[in-house]
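Only one structure is covered here, and it is reproduced in the block below.
Should a chain be cited, it is by its letter among A, B, C, D and E, assigned in written order, with residues numbered from 1 in that chain.
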Amino acid sequence: MMVPLSSFLALSAILFCIGLFGALTKRNFVIVLVSIELMLNAVNINLVAFSKYGAIPNITGQVFGLFSMTVAAAEVAVGLATLIALYRNRNTSDIRDMDQMKW
Amino acid sequence: MFSYWNSYLFVVLFLLLGIFLPFSSIVVLGPLIRPKNPYKAKLTTYESGVEPFGEAHVRYNVRYYLFALLFVVFDVEIVFLYPWAATFKQLGAFGLVEMLFFIFMLIIGLLYAWKKKVLEWM
Amino acid sequence: MTNSLLILTLLPLLGALLILFVPKGSNGAVRGIAFLATLLPLILALILWSQYDTTATGMQFTSSFDWIHIPHAYADQSGDHTLTVSLLMGVDGLSLPIVILTAVISFLAVIASWKIEYRIKSYFFWYLLLITGLFGVFTSLDAFAFFFFLELTLVPVYFLINIWGGERRQHTATKFVVYRAIASIGILISFIGLAYMAAIGGTGEISTNFVTIGTVLKTAANVPLALKYGLFMILFIAVLIEEAFFPFHTWLPDTHASANPALSMVIGGVLMKIGAYVLIRIGVGILPDALAHYATLIAVLGVINILYGALVAMVQKDWKRLVAFSTISHMGIVLLGIAAHNSAGIQGAIFMIVSSGLLSGLLFFVLGAVQDRTQTTQIHELGGLSKSMPILSGVWLAASLGSLGLPGMSGFISEITSFIGGFAIFPVLSAFGTLGLILAAVYLLWAMQRTTFGPSRGIWQGLDDVRAIEYIPIFVFLACIILIGVYPAVLGDVVNQTVQTFVTRIGG
Amino acid sequence: MLHWQDQPLSLSTFLGMVIGAVVVLGFILFVVMYLIYFERKVIGWMQNRIGPNRVGPLGLLQSLADVLKLLLKEDVIPAAADRSLFMLAPIIAFAPSFMVLAVIPFSATHVFTAGLNVGVLYYIALSSMTIIGVVLGGWASNNKYSLIGGMRSGAQMVSYEIPLGMSLIGVVLMDGSLNLNQIVEQQHASHLWNIIPQILGFCVFLISAVAELNRTPFDLPEAESELVAGYHTEYTGFRFAFFMLAEYVYVFAMSALGATMFLGGWSGPFLPGWLWFGIKTCVFIFFMYWIRATMPRIRGDQLMSFSWKVLMPLAILNIVITAIVKVLL
Amino acid sequence: MNQPAAMVTFHEIWAGMAPEVVLTGFAFLLMVLDLFISKESRKSLTWLAILGIVIAIGLTVRQFGLSQPVVVAQGLYYVDGYSSIFKLLFLVTTGFVLLMSIDYNKRIQLHIGEYPYLLLFATVGAMVMASALELITLYVGLELLSITSYVLIALRRDEAKSSEGAMKYLVVGSIASAFILYGMSFIYGFTGTTNIAQASSQLAQMWDQAPALILMSLLFLLIGFGVKVSLVPFHMWAPDAYEGAPTPITAFLAVLSKAAAIAMMVRVFIWGYSHHYDSWYLYIAVIVAVTMIVGNVAALPQRNFKRLMAYSSIAQAGYVLIPLAVLGKATQQANLWQGLSQIVFYLSAYVFMTVGAFTVHAVISQEVGTDDIDGYAGLYKRSPWLAVCMGVFLLSMAGIPITSGFFGKFYIFIGAINFGFIWLAAILFLASAIAFYYYFGVLRRVFVREPAEVLEGKKIDISFGANSVLILCVLGTILLGVYPDLLLNVLSNLHWFG
């Protein structure tokens, strides 16, 4: 019952790419945040997979994953708070409307 | 060692069953035995007997967001407390002091939300 | 006398700082400070001249301060070297005449700007800063210090043009800065290259000291020639820009057209001579083999400049632009002299630098005086000025004659020496070059004829002639020009020994 | 075959697992039916009524009849609803509620239990996922009542999740493990149920659990009188049934968790483990019925601030005290 | 399999992390105080924060002379000369930002309670970034800085631009974090450790077996760091974030978060990957070259001072990272010290000139009510002192002698030449030449133009805080320019990596 490391890495890479794609192309801000979250979780898969099947398996990867989860949560919290502030000023969460500043 | 894999396999079975049951009964079994007669009036949104008006996705109170934010922050802190609690015996007094610092910061966070009147529900 | 060059350089800076503390409104004090801050260096420079040992070779009046220690500047197998940049100053037969020229012109330009009222404090602040930079450039023997002072001249000129200039001043100021900035990139690159060449050719120590680099490269055989050629080419292009040589000359006429007369004196008289100075100091003094390699190219460019400057000057409508192009033509002669890299050529080049500085200084002074009275320097608007201001017109004529190389004036001796040097190496090219002298006579005399003589225009009646204070510059300029013209040894003695050193360096 | 826990994986062990899982599923469906029946009965008795008594003897088949009725009802999806999310929401709500049962140690033999090392974390994590189903259901209905009901449920569940999770940390500290089996075994070995040293944590747990389940007195999200029915206003037929099912599975699961964490799970004298476990779970369940029958609904602002301002500090206090005592002892 | 948890003692923590501990303590103190004191007395919180900074500076200086690096928790945290000098830069910057905001906050209603302690937290994050060897610690430090920055940018809640800038930075910054994490996860996976110092040798071995994988991890890190340092083509957030933020925070972003990201980037790349320097330095060199050119060219059409400075600071980041690229051809240990000296020297110059320029801007933009560079018209007439300050700072950025910017560029320049990177050196100067154009554009407004009629004769009052920042910055800019030995001596005696 062994799943090879490479499949975890592939899964993580796919998730990362999906997340990146979403973060760069989606218009709704909340979806962008979700996409970013997806990228970070892809990394977590990587970390946990390495922690079990890496060159030198040890627990550090899982600890790392825990930290990255926490930090991601904080990031999303700030993101949502900013979104609320923005929504109050602008009445939109569409990223295309954020064009007050252009050069 | 076997127990480790078996346990997770068991969990996966639960997941499959958990999805299978509603899926089979709603999507597969349901249409065979229940009537289906939709018409326009039936499909209108329920609004206590009057015609629905306005946008249903109303702007709800911003407090919901605030509580969601608070939840995210504090729930994640709990994630750190669990491993600490599980290995508390090995960590000893140093672990205690470290975690007291952590909890102290948690309390400051709570105090902050309290003082800034985030915890009041209007 | 040890620190006199440093004092000379820092005196204007001191003046500039003092001006900052003068209370608003006391214009007299500001003028006084500026006067003293340029007069004292002039006196000091003259003392140095009298003390200069014309028989000795090498640098004189040297002084040195360790300034910056750059750790690990150069580390390889031979070790970890700290680069020490020092404020090394000294003069030889090449730089002393130019330092004196700078002192003279800067002093006279203060007098020329006596009547400036608008934001006088700032004006003299920037002006004195500029003079410090110029003194620093000609006295520094350290590449870093040289570059430091070179860059220091950039900002003051920008503001002097931009605030006190004439038409299209913003455009001109920006153009000036951009051209000079690009030129300084080239100079910096070549300097750093020189510093590392010193390391390659010598003991592994890098050095920014011109003298050390020169000594090392003289004997070093292991410096690749291609490197020398490449560096020289970069330096040469930078010099072309710096000195407003064709095809990089366009900033100069614009600058003169926009700048106020006093600034024009400094730019035309001193600032644009930096390029020629660098070319002699580095090209002839340190990289003679590269210079020899490119001599033909340089000579061709020199002749092109002589002819181009003269031809374009012929079609100018504005006296200022005319003088600017005539200066370009003069500097072409300098280039030809340098390209010849023989005793006469280099001596002629140095003479030409000084002479052209004095002549264009005087011309711009006169133009300033005229503009002050008539509000224009357009040739076709002027006319018959000799009626209303005979003395000024006379001086003007004298300056023009000097400029076209009338015997007895400094222009003649300079040109003739340069061309003697040129004919020895590039007879055909030099022959073409002499055409420029004829053209110079044509455009200068023609322009003079149209402005000073001919029918007098009514509006120019009643303009006053030379004012009391204007006699000082006129007298000084003419005295210098004629002194060099009739007794060239006064300059030649100083220059001679250094030129001999250069020539032996080339030969050896 | 049924003891698949420590066997190498083979077809027979796998079959054992499948059987175990299906048994749990059948069991829980049966339990839920009678949870509903007893709720009505118990509250009926408490309020001096009879409760359901028509279908079958003593009305025992009443719930079955209700289920059949729901199965035969037409499945209406409002035209304005977000179709796919509307259909997905009940599944999202139900699946985790069933999944949490995987780690509950029903008896000492662990036939039906996955011995996850992170059991407590697993439970907490999975149970939060139901919130998503609830909020989604409210949102997808495109109905004002549903939306507000869904949001309220979300806010409430989210708020009480924190003290709930924190109250369990005390137990984890006591037993030094996140594995529910080991937690029970520890209690069994030390002959001390966690409810005694962890009485503060237990109180917090109990209150949060009731609130987490959206039950009276914390049933604001479904307040019929204010919000029609909350997030499931627009749901009919079996989709509605699965929301209900999820709710009652949670009632059972939460009670089972409480029994495991605080009351020693299957451990107890004389009687077999599964019976002890059943009794303890029933005590919890009965407590909830009891509260429902006696307590009035509290106000919205009280609801929220109670969680953050009272339960949360108490839970933190409990952790600190437990940790300090653990070190000192 | 499970190594025992690294035990740390409190003594060790205090010995290594005293400044961070003190700052964190002050931050929490401020946080609690802010909740309980009245609105009027909140101004004193800023002073308290400055006190904290001063104490932390003292503690950092105490660590300075150590020839042996202090290692906390078996390499988790590493206090050496390199980190100390960067920490000093961060602390000085934060001190300046706090000083200049005292008055700024009075006029523009920021939530000044949060303001000082968020700044302190961000500074702690930056300090951690300079010192951490452990990828997890590094990441936490990075995010501490980033997340507080997002909040600080969005602090003007009623200003749509403010939230918008924060939002953009947040999205791009979070993506960058994900990239950094992804790269880090590979380092961990290949080596089984999250300590860069320990990972390095294993990475070196791995490189020979699977160069593509290691290079990939490096490139992921490069992209992530590129965003944080705002290198082209990852710079798009910077102008918006700079414009949206309150001016002191713009200064903070432009200086501190950039310097911190550079500190982290240089340490990670040199410690983790220097064994195969020659296979990746070109990536850095190209990015740096593009950054210098694009940054300066994009600055040309800007009319908004903050955007102009944003692009200019993008270009400056390019200059600063030249040593990192050219070290690829280094042969000696001393070359490395030189490269680091160059980076630190330029950053020090950058601190003074950029913070100074933003201080002037903070004063002017409040006076004029706009960020447009036309607000500077005739500044010389209105306030010669401010005009001279601005002149010094801008000239320094343009790299004119007697200012620190000149020597900083020169120093980097000789480094590039030293290793034969003539093309990079040429681009450096070409880019500076382009930059002249827009710096002089502002200078022309300051010195040449006439002030707008409404403003003519109106006195500009400069608060005590802003004035002291200006004096210090002008002094710093000129002293480092005229006598760079002041700093060079310190740098040459520094035990960089212990």
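Basically, contacts are C-beta pairs under 8 Å (C-beta built on N, C-alpha and C of every residue); 3 or more make two chains touch, one makes a residue touch a chain.
Just so we're on the same page, UniProt names per chain: A = NADH-quinone oxidoreductase subunit K; B = NADH-quinone oxidoreductase subunit A; C = NADH-quinone oxidoreductase subunit M; D = NADH-quinone oxidoreductase subunit H; E = NADH-quinone oxidoreductase subunit N.
All values reported here derive from a predicted model rather than from experimental measurement.
Shared contact partners of subunit A and subunit E, listed by label, are B. Minimum number of contact steps separating subunit B from subunit C: 2. Averaging the CA coordinates per chain and comparing them to the mean over all protein CA atoms picks out E as nearest. Comparing chain pairs B-D and B-E, the larger number of C-beta contacts belongs to B-D. When chain centres are defined as mean Cα coordinates, D lies farthest from subunit E. Ranked by distance of CA centroids from subunit B, the top chain is C.
Centre-to-centre, using mean CA coordinates, subunit A is 64 Å away from subunit C.
Per-chain Cα centroids separate subunit B from subunit E by 40 Å.
Averaging Cα coordinates per chain places subunit A and subunit B 19 Å apart.
In terms of their C-alpha centroids, the spacing between subunit C and subunit E amounts to 43 Å. Contacts with at least two other chains are made by residues 9 of subunit D.
The set of subunit B residues touching two or more other chains comprises 5, 68, 75.
Pairs of chains that satisfy the touch definition comprise A-B, A-E, B-D, B-E, C-E. Those residues of subunit E whose C-beta lies close enough to touch subunit C in the complex are 331-335, 337-338, 341, 380, 395, 400-402, 406-407, 410-411, 413-414, 417-418, 422, 425-426, 429-430, 432-433, 436-437, 440, 443-444, 447-448, 483-485, 488-489, 491-492.
Residues 67-77, 80, 82-83, 122, 144, 147-149, 151-152, 154-155, 158-159, 162-163, 170, 173-174, 177-178, 181-182, 185, 188-189, 192-193, 195-196 of subunit C are the ones touching subunit E in the complex. The part of subunit E that touches subunit A in the complex is made up of residues 1-3, 135-136, 139-140, 143, 146-147, 150-151, 154, 157-161, 163-168, 170-171, 174-175, 177-178, 181-182, 184-186, 188-194, 202, 239-240, 243-244, 298, 301-302, 307. The touching residues of subunit B, when paired with subunit E in their complex, are 90-91, 94, 105, 108, 111-112, 115-116.
The touching residues of subunit B, when paired with subunit A in their complex, are 5, 62, 65, 68-69, 72-73, 75-77, 79-80, 83.
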